[in-house]
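Below you'll find the structures, each written out as structure tokens.
Look at the two complexes coming up: chain A is in both, with chain B in one and chain C in the other.
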Partner chain A sequence: MRDGTIVVAGASLAGLRGAEALRAHGFAGRLILVGDEPHLAYDRPPLSKHVLTGEVAPGATTLPGVGALEAEWRLGVKALGLDRAGRTLLLADGERLAFDRLLIATGARARPWPAPEEARLSGVHTLRSRDDAASLAAGLAARPRRVLILGAGFIGCEAASSIRALGLPVTVVDPEPAPLAQALGSVIGGFVAGRMEAAGVDVRLGARVTHLEGDRAVRRARLADGGTIEADLVVVALGAVRNTGWLAGAGLRADEGGLSSDGACRALDEAGRPDEAIFAAGDVARFPHPLYGHRPVALEHWGNAVAQGAHAARAMLHGADAVGAYAELPAFWSSQFGLNIKSLGLTEGADAVAIVQGSPRAGRFLAVYGRAGRTIAAVSVNAGRWLPAYEGPIRDGAPFPPITGGADQPDPEPVPPGLPSREAA
Partner chain B sequence: MTDASDGTLFAQVRDSANRADPYPLYARLRVRPVARQDDGTFVASGYAAIRALLHDPRVSSEDLPPAEHPPTGNPVKDWIVNPLKDWVTDRHRPFIFRDPPDHGLLRRQVMGQFTIARVQGMKRRTEGLVAQCLERCAGSRHFDLVDDLAYPLPVTVICELLGVPREDEPRFHAWATQLATALEPESRHDEALRARNTETFDAIADYMRDLIREKRRAPRDDMLSGLATAKDPQAGRMSDPDLIATAILLLIAGHETTVNLITNGMLTLLRRPRELARLRADPERAPRVIEELLRYEPPVHFRTRVARAPIPVAGTVIPEGAPLVLLFAAGNRDPARFPDPDRFDPDRADNQHFGFGGALHYCVGAPLARIEAEAALTALAARLSNPRLAEDPPPYRPGASLRGPKRLLLHIDGIG
Partner chain C sequence: MRVVVDLNRCQAYAQCCYAAPERFVLQGDEILVYDPAPPASDRAAIDRAVQACPVRAIRVEHDALAERAA
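Coming up: the complex of A and B.
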């Protein structure tokens, strides 16, 4: 396909990179990007880091290349609904956009604090969008007496790191026994916890906040064990919810966990059949990963948004058979507390972890995750240059632990990784 | 024999008869991305295989044979002094020949001196030096790029950065040429060559020891003074033997490679007058031209390693203890990685070449090399009037790894 109309619902990273790939692969027709935020596509990773510390202004995060794309933009307009039979997208301002192909890249939003009245107290923030970051940065500029962060996932930990760097008192509360437990397990998470405490963060693990209290402005949080934490700024960092609500009634297989799609990024209908004209990419897409037994996964990774956006674009133009199954190795990074953490593969389901290079004592190491004797993931801490060596073993499902006789290391000793069970999650 | 099972291909690469154009041999090697040679060496020539091995912790850079002074007949030297020297040398190799964790500690201390400010601060000076070199040749109709610019420029730059007196250049020029052979596989088994390298190392080490003592006594704003006086929070102050090894490495690496980048670069551009004209018209193209040169004609064609464990890669298994060659220049021309790889195309979008190696040992001096090459190539493009190659191919220096012309004679109508 070279001509016709392609609509991209979602004008952030996956949508933008998808649109750019469409043009790069020769699409000469009409290209329309719809985004619910009024901003041009921006980069999210700095929002929890340099934007909070004030080193980068929220407005300086616009992605390069946005201006060069030959496309029509509908910014600040939500997609309200999808008429699949009529190949039409309905926008909040009443416009109906007919399309030949649709790329759904509506991403995810921050999971809100479950009690709406408490979430509306002033001083309670989430951190997902540029506006969130600007509002949080403004709140921090007022020098709150204590910042409480609910959730020790990547966003919670990065925010804690940035806010500590501003010299503000920070408390982090998480029900798991270690920060980053969901993604990395409590062995590596425990190392990060040590760094957090060394940086002066009050880390409360195995604890749960049940209520946020205050009149108009938040004053304190009440814990499940009856204790309280006085805090006048709260960051709710409880993960993300996929933006699929607008697809209700469209007949696609979509829920809070994402929009199901196949290896060629085609959206699946309720019967599980691919729709030849509708594609999904980025955080919103839940796709079968060939490296992980075709288990459906939805990845909130920057690199996935880039690669999957481009993969979907090629499938839209050249057909599903021409592109093959999307099999990008999941990868992400995080910077916090002076640590550069990088990950390859998926740790989910790992039954063992082994430190194969470096050591936590030396402050830099590489951990490999295994499942049933096979290598499934690797995580480096301040040792990013070691990580690419493990791409091959992960793709091949090499025996675990995979590396012996390393130039710098005795044979590794695997231990249980301390990943929370799925039920608990 | 023409098939890929020819176990002499890498020997042919090292044969000086093939120095001017080793690329057809590389293409034949690449048929097997990791190929065993008759002498038991494994040569990695495919991009993916090189990349995997570069990052593999089972691959060691500690592949130098033990230092060994040849017998002198003097029992004090043969039984006490020289074995002690050898013992020290073996334990204080420069970090290019070291593995983690020592490698990281030494490298970190060097990086602490190779600051962005210091390197960027050399940019203006480098441009001035290029102009001086060209002015010296004003009025001439002949130009030897190597002697007139490509060699003196990086030598002066690295001397000033390190704080090595430029007037000592004639002494360490010979030492550097000699010690650079340590990167060539021949140096591992050629006894005469090893003896000469040992002798040279003693001489340059004595020179550096004196220089470092002077830096400690009266530190200046240069890298050697910094290395001699700085204290790493983990490693402490660098030991004298480590400091000497590091200083020698930086001095040699600082010019034996950049001379090739500049000379190969100009040779490539002179063979493609259209590209030279485009660079002359638009100096902003220089960074792209240089990145493509680093892919197309890299200054270092390969580095050697040794396997510390059996390594399955690219359908074969490299056995423990096997010598290993990472043939960067062949990976740079791998059609599986770079579309139309034998075409010189500065407008290539995706150009992650091995021109500076990769992974832990990625060239420490890369930013400096880029600055020097940019200053030299833009000035040559702008100021040489109607340059033509006087001989093509030019004569090459002996090295197969550090590969570059011995001289590059140009006819010119003048210097603008």
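Coming up: the complex of A and C.
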């Protein structure tokens, strides 16, 4: 397909890179990007890091590519619904956009604090959008007496690191036994916990906040064990839910965990059949990963948004058969507490982890995750140059642990990684 | 000007930090901090940084269309 109309629902990283790929692969027709935020596509990773520390202004994060893209932008307008039979996208301002192909890249939103009246207390923040980051940065500039962060996932930990760098007292509460437990397990997460504590963070693990209290403004959090934490600024960092609510009634297989799609990024209908005109990419897309037994996964990774947006674009123009199954190796990075953490592969389901290069004592190491004797993931901590060597072993499912007899770790000792069960998470 | 660095790809070779020291800084051994919106007057330095990166991780866009659109 070279002509016609392609609509992209979602004007963030996956939508932008998908749209660029459409043009790069020869699409000469009408291209329309719809975004619910008023901003041109911007980069999210700085929002929990250098935007909070004040080193980068929230508005400075607009992504390269927005200027040169030949497209129409509909910004500040939500997609409200999808008429699949009529091939039409319905917008909140009443416009109806007919399309020949639709790319759904509506991403995810911060999971809100479950009690709405408590979430509305002033001083309670989530951190997902550029406006969220600006609002949080303004709250931090007022020098709160203590910042409480609910959740020790990547956003919670990066925010904790940035806010400690501002010299503010920080408490982090998480029900798991270690930070980053869901992604890295409690063995590697335990190392990060030590760095958090060394940086002066009050880390409360195995603890759960049940209520946020205050009169207009938040004053304290109540814990399940009856204790309280006095805090006048709270960051709710409880993960994300996929933006699929607007697809209700469209007949697609979609829920808070994502929009199901196939290896060619085609959205699946309720019967599991691919829709030839509707595609999905980025955080919202739940796709079968060939490296992980075709288990459906939805990845909130920067690199996935870029690569999957481009894969979807090729499939839209050249057809599903021409592109093959999307098989990008999952990868992400995080920086916090002076640690550069990089990851390849998916740790979920790992039954063992081994430090195969460097050591936590030296503050620099590479950990490999295995499942049933096969290598499935690798994580580097301040050792990013060691990581690319593990792409091959992960793709090949090489024996775990992959290297023995190394000079600095001659005899790796695999231990259970301490990943929480999915139910508990 | 808009700049983004693919930090999956970045291997902290720090060549950008030499090419445009006002805009790229390493914190610790390998955490790259950069200015995503450098002024147009830095164009030559930013272009040097893009060219110097051994893993081609830096992307820059110079044109003013986005400013107009925004």
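By our rule, the second predicted complex is superposed on the first by the 423 of 425 C-alpha atoms of A that agree within 3 Å, B and C clash if a C-alpha of one lies under 4 Å from a C-alpha of the other, contacts with A are read in each partner's own complex, and residues count from 1 in each chain.
Just so it is clear, contacts are C-beta pairs under 8 Å (C-beta built on N, C-alpha and C of every residue); 3 or more make two chains touch, one makes a residue touch a chain.
The structure displayed is predicted, hence computed values, not measured ones.
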Chain B versus chain C as contact partner of A:40, first or second or both or neither: second
Chain B versus chain C as contact partner of A:65, first or second or both or neither: second
Partner chain(s) touched by A:335 [first = chain B, second = chain C, both, neither]: second
Touched partner set for A:362, first chain B, second chain C, both or neither: first
Contact breadth on chain A, by residue count: chain C or chain B: C
Chain B versus chain C as contact partner of A:57, first or second or both or neither: second
Contacts of A:303 with chain B and chain C, given as first, second, both or neither: second
Which of chain B and chain C A:385 touches, first, second, both or neither: both
Which of chain B and chain C A:73 touches, first, second, both or neither: second
Chain A residues contacted in one complex by chain B, in the other by chain C: 364, 385, 388
Touching residues (chain side chain B, partner chain A) in the complex: 51-52, 55-62, 99-101, 104, 308-310, 313, 320, 359-360, 362
Touching residues (chain side chain A, partner chain B) in the complex: 356-358, 362, 364, 385-389, 391-392, 403-409
Residue ranges of chain A in contact with chain C within the complex: 39-40, 43, 45-46, 50, 55-57, 59-68, 73, 302-303, 306, 331-333, 335, 338, 340, 342, 364, 382, 384-385, 388
Contact footprint of chain A on chain C as seen in their complex: 2-4, 6-8, 10-12, 27-31, 33, 35-37, 59-61, 63-67, 69-70
